[in-house]
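Heads up: the structure comes next, in structure tokens.
By letter and in written order, the chains are A, B, C and D; residue numbering begins at 1 in each of them.
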Amino acid sequence: MLEDIKSEITDINVAEASYPERGYHLAIEARKENLLRVIKFFDDKGFYLEDLCCVDYADYLELVYFFNNHTELFRIKTTIKLTPDKPSAPTISNIYTMAHWYEREIHEFFGVYFENHPNLTYLFLHDGIDSYPLRKNRVPVSEDDKRLLSFPIPHEEEDTFSVNLGPQHPSTHGVLRVILKLDGEYILSADPVLGYLHRMHEKMAENRSYAQFLPNPARMDYLASLNFNLAHVAAVERLCAIAVPERAQYVRTITCELNRIASHIFWLGAFLGDLGGLTPFLYGFDDRENILDILEGITGSRLTYCYFRFGGLYNDVDDNFMDATRAFVKRMWKRLPMYEKLVTKNVIFINRVEDVGILERDKVRRFGCSGPVIRGTGMPFDMRKVEPYAAYGDMDFEIPVGENGDILDRYMVRMREIETSLRIISAALEKLPAGPFNAEKVPKKLKPPKGDAYHVVESPRGQLGVYIVSDESDTPYRMRWRVPSYSNLMTFPHLAQGTLIADAIAILGSLDLIIPEIDR
Amino acid sequence: MKTLSEFYPVFIFLIVAIVFTLAPLLIATLIAPGTRGNKTLNTYECGVDPFGGAWIRYSAVYYIYALIFIAFDVDVLYLFPLAVSYTRGGNVYEFYSLFVFIAVLALAVIYAWGKGVFTWKRKILS
Amino acid sequence: MGKRSLYLETKDPIIKFALVEKVLDLARANSLWPLGFGLACCAIEMMSTAMARFDIDRFGAGLFRATPRQADLMIVSGTVTKKMAPTLVTLYEQMPSPKWVIAMGNCAISGGPFVFEGQYNVVEGVDLLVPVDVYIPGCPPRPEGLLEGLMKLEEKITGTRRFPVPQAKW
Amino acid sequence: MIEQVINIVGMANIRVIIGLTGILTLITVSTLLLTWAERKVAGHMQRRIAAKEVGPFGLLQPIADAIKLIGKELLTPADVEKPLYFLGPILIFVPVLVSFVVIPFDARLQVMDVNVGILVILAFSSLSVLSILISGWGSNNKYSLIGAVRSVAQNIAYEIPLLLSVLAVVFMSNSLSMNDIVEAQKGLWYVFLQPIAFIIFFIACVAETNRTPFDLPEGESELVAGFHTEYSGMRFALFFLAEYTNIVIVSAVATTLFLGGYNGPILPGIVWFFLKTYFLVFVIMWFRWTFPRVRFDQLLNFSWKILMPLSFLNLIATGALLKLL
């Protein structure tokens, strides 16, 4: 792979990066002029755009493009430098359509203007913000930019109206607002408006030390807070090359899988609530409360856990946690057939979800979505297998996969994933090694070396990546969270186009979105 | 033969029903406190100001169903006299007329089915 | 968003007897229908309060109404950002008159963990926007905390407390 | 003293007044009972105890709800069609109350024995959808407009199977009067002779009263609160009242037509009648907590493609079998 990249593009310098320290295999320094050629090259090679973010170094702005491959793991970091006073860059939304979302975000937060970008209006922020928030020094929003950013009011037509599936709606699972253009019952176009729960996590990361930032990831995605906690901790461990003892890795795997089951059960209840059936929600919460009690025993909180530390855990796992988990696994195996009978065999449910919201397999590379959304289309793309972290390396489990990518397949993938998680937990419980649960000499004031690192974790919603740039101080210079719900949401306008309202609500539910994770 | 005046209980019930609904509304207006904010009287649309009103040429995709319904509803009412005077074991002529009547009705549904009225395709634009 | 910009003009009912008000308050206290309005992590704890184990429906507050027109209790469960503030004020104003607000969680009380110098997008406390009746601290508060908040609100409406208060023994 | 009253007012009027007060008390009591029963049934089906703290076993809960709703402010949004908006909740209650006139609670316990009883019921049952359309269109809210137009299409779709299944019963009983139908079922209830007609009738009734799995007009998860999104306080309570009374009416008519009204071995007639009616009401509530919601085109096609041909065949089969008897 490296040789044909070198041969293909001549006038950029390509540097090999070692995966264990950096998290990516190749670093390419492109320039604004040949950026489109490089992107075109990656597109032909079948790469998908994993993440696009911007880092504000004092004397230049750097746009960072991460490319990766679904079939075999090869992550490439491509960077271009922009002048800080009037930063502008060519848009790549004509090649990777979903890149226009990332570009709108960068335009709002950094003021980078993208030439011939389809729609540069506000996505996260609102017009009360007068400076670009994530810039290191205060840069006021210029006048023409204000006009560019202001929100266009859809004009009134004769026989179609635009409805706000607004911030407060029973089936948007939080404060997501989607403006639907309706012709009778059919949806002509749906475009989400985000930012109703933007809580400035990335800005906070820049003036908090690594340890002080520990509780924040749990507030980003409150249903999978242990996975987010693990992503933050593992990224810093990769940056400072801290070795984590075996026992801590196993306990991390067990608790993350328990958290995954709890998140999938919550999704099952909320999704069926969107379809009108309310009873599975309460049956699901019965099991979920069981898990919450087990995790509360060792972590101390019910929902927003802060259990992992750099190099290990907060406290060790006692044996009534082990018995409770074994009892839970045994009970859950008996409960799954009940869900099967109550939900999967229900003919109204089958009619509502079969062949609805089909995501074609070739389009998946366009959107870069991940998690059950991509596994529903038949692609076995799971970070626990592709980039094993914690103790997933020596666990053997197979990844559940759907066939034609409709809502029923996404539902089936999540239910099979609960079974896979149960198998992982029981296997990990058997092989739990004794020994220390914390690395020995982890300095209190952590000062990672200069450089950047990218670490990926499989959260219940998909591929969660953390990109940390550190400058040897104890606070990260820039921390970028690549969240799965954001790229899964990008498939919604394509899937909901032309369907009925009831289908669109079912599709929105099947994507399993967590709004604070999208808004960060 | 019951003349129209024989149906006066129905009319009394009608009036009492209206009074039965107006009374609590009157009580409510009397004993309920009131608040007025500047957005209180706006139409509710998930917390944001709606884009334009709701009175538009709403394209009800199912007006074809209404057409078939009108044809049906009238025909089915003609079956009621036949049902009341249906003799058991009498002449078979009544059964033939019933069969023909229903066959004609069934034709309407089959025609609509063939025409694809009942399949709702996904409207893909662009 | 300094002084509360909420313009709210309340007028008393036309007929006002002490007995009628007492009966109404007792009825209102026992059937508070909350508005289905979850913002962030506290919304998940609010949902688990409505579920089988803690069951807020025992106190008559189980019917989560989706429209503000039919709700009389707004539980602000989560962070109120500056983009969400006008929507929250609109929803509060669109609720018919005997209405109450519970600020659930640190974010609703004072902006919680997201208040730092140079923060540009969080309203530090819901009471800057709407008059709040009961504050429930916690991040997120446990479901029992929400139930205790409901009891406190019922005590505020009717003046008498339904259950004895657990005495601190130390 | 009673004689003077009788000859002043006339025997027929006395019957109407007693019938009226009886039915009004029946409606209020049954609505309070049903709201309590709905919460309890929902609770126990979802493994939780519902409405326990307010009065013994939560029995005072519906009364608390009713008084609270009376004490709520009646908000009338600004750009709403005033006459339609006010008329909606009133009109929805009228057909519901009036169709109690012809229901035979016991052998002679009937406000008025109309010889076209069934037609009165069917006529008024199709009236209630008008008030839903009026309130949906009048409140100038996109969600209520979509909900209202949906309820019209749903009512149209399920009117025909309703008529055809009632026809099958009228074929058997040769009379439209409710009393004669119940008398004709003295020996064998029609539910055993006409099982298909009963199933079609019951499904169509669940659709008429907009209950799950056909509750599309006020599908909470899609249309926020459907046609009564803009109604607050007592007006919303009237929609509530009309919905529960509609359920009682629908199950009362089903018991009269198929389960042999007040016929029953030992207990007096009226006890049998209420037992059967409230059993059917329980079944309708049971549907609500077990089925998800049907999509809109499936709802229409289910009626036009499955229920209607089935009722045709059933009608032909009834006609043929009657000939052979």
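Keep this in mind: a contact is a pair of C-beta atoms (placed from the backbone, for glycine too) under 8 Å apart; a residue touches a chain by one contact, two chains touch by 3 or more.
Fair warning: this is a prediction, and the values are worked out from it, not measured in the lab.
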| item | value |
| --- | --- |
| Chains touching both subunit B and subunit D, listed by label | A, C |
| Remotest chain, subunit D as reference, centres from CA atoms | A |
| Chain pair bearing the highest count of C-beta contacts | B-D |
| Separation of mean Cα positions, subunit D and subunit A [Å, integer] | 49 |
| Subunit C-subunit D separation of Cα centroids, rounded to whole Å | 36 |
| Interchain centroid distance [CA atoms averaged], subunit B/subunit C, Å | 41 |
| Shared-contact residues (touching 2 or more other chains) in subunit A | 161, 163, 166-170, 185, 282, 286, 500 |
| Two or more partner chains touched - positions in subunit C | 24, 51-53, 66-67, 69, 87, 91, 94, 96-98 |
| Where subunit B touches two or more other chains at once, by residue number | 29, 31-35, 40, 42, 44-48, 50, 54, 58, 60, 120 |
| Contacting residues of subunit C [partner subunit A, same complex] | 35-41, 43-45, 47-48, 51-53, 66, 78-79, 81-84, 87, 91, 113-114, 116, 118-122, 139-140, 142 |
| Subunit D to subunit A touching residues, read off their complex | 45-48, 142-143, 146, 212-213, 215, 219-224, 289-298 |
| For the subunit B and subunit C complex, residues of the former touching the latter | 29-40, 42, 44, 47-49 |
| Footprint of subunit A on subunit B - complex, ascending | 45-48, 50-52, 54, 56-61, 120, 122-125 |
| In the complex, subunit D residues that touch subunit C | 39, 43, 46-54, 58, 60-61, 63-68, 70-75, 220, 224-225, 228-233, 236 |
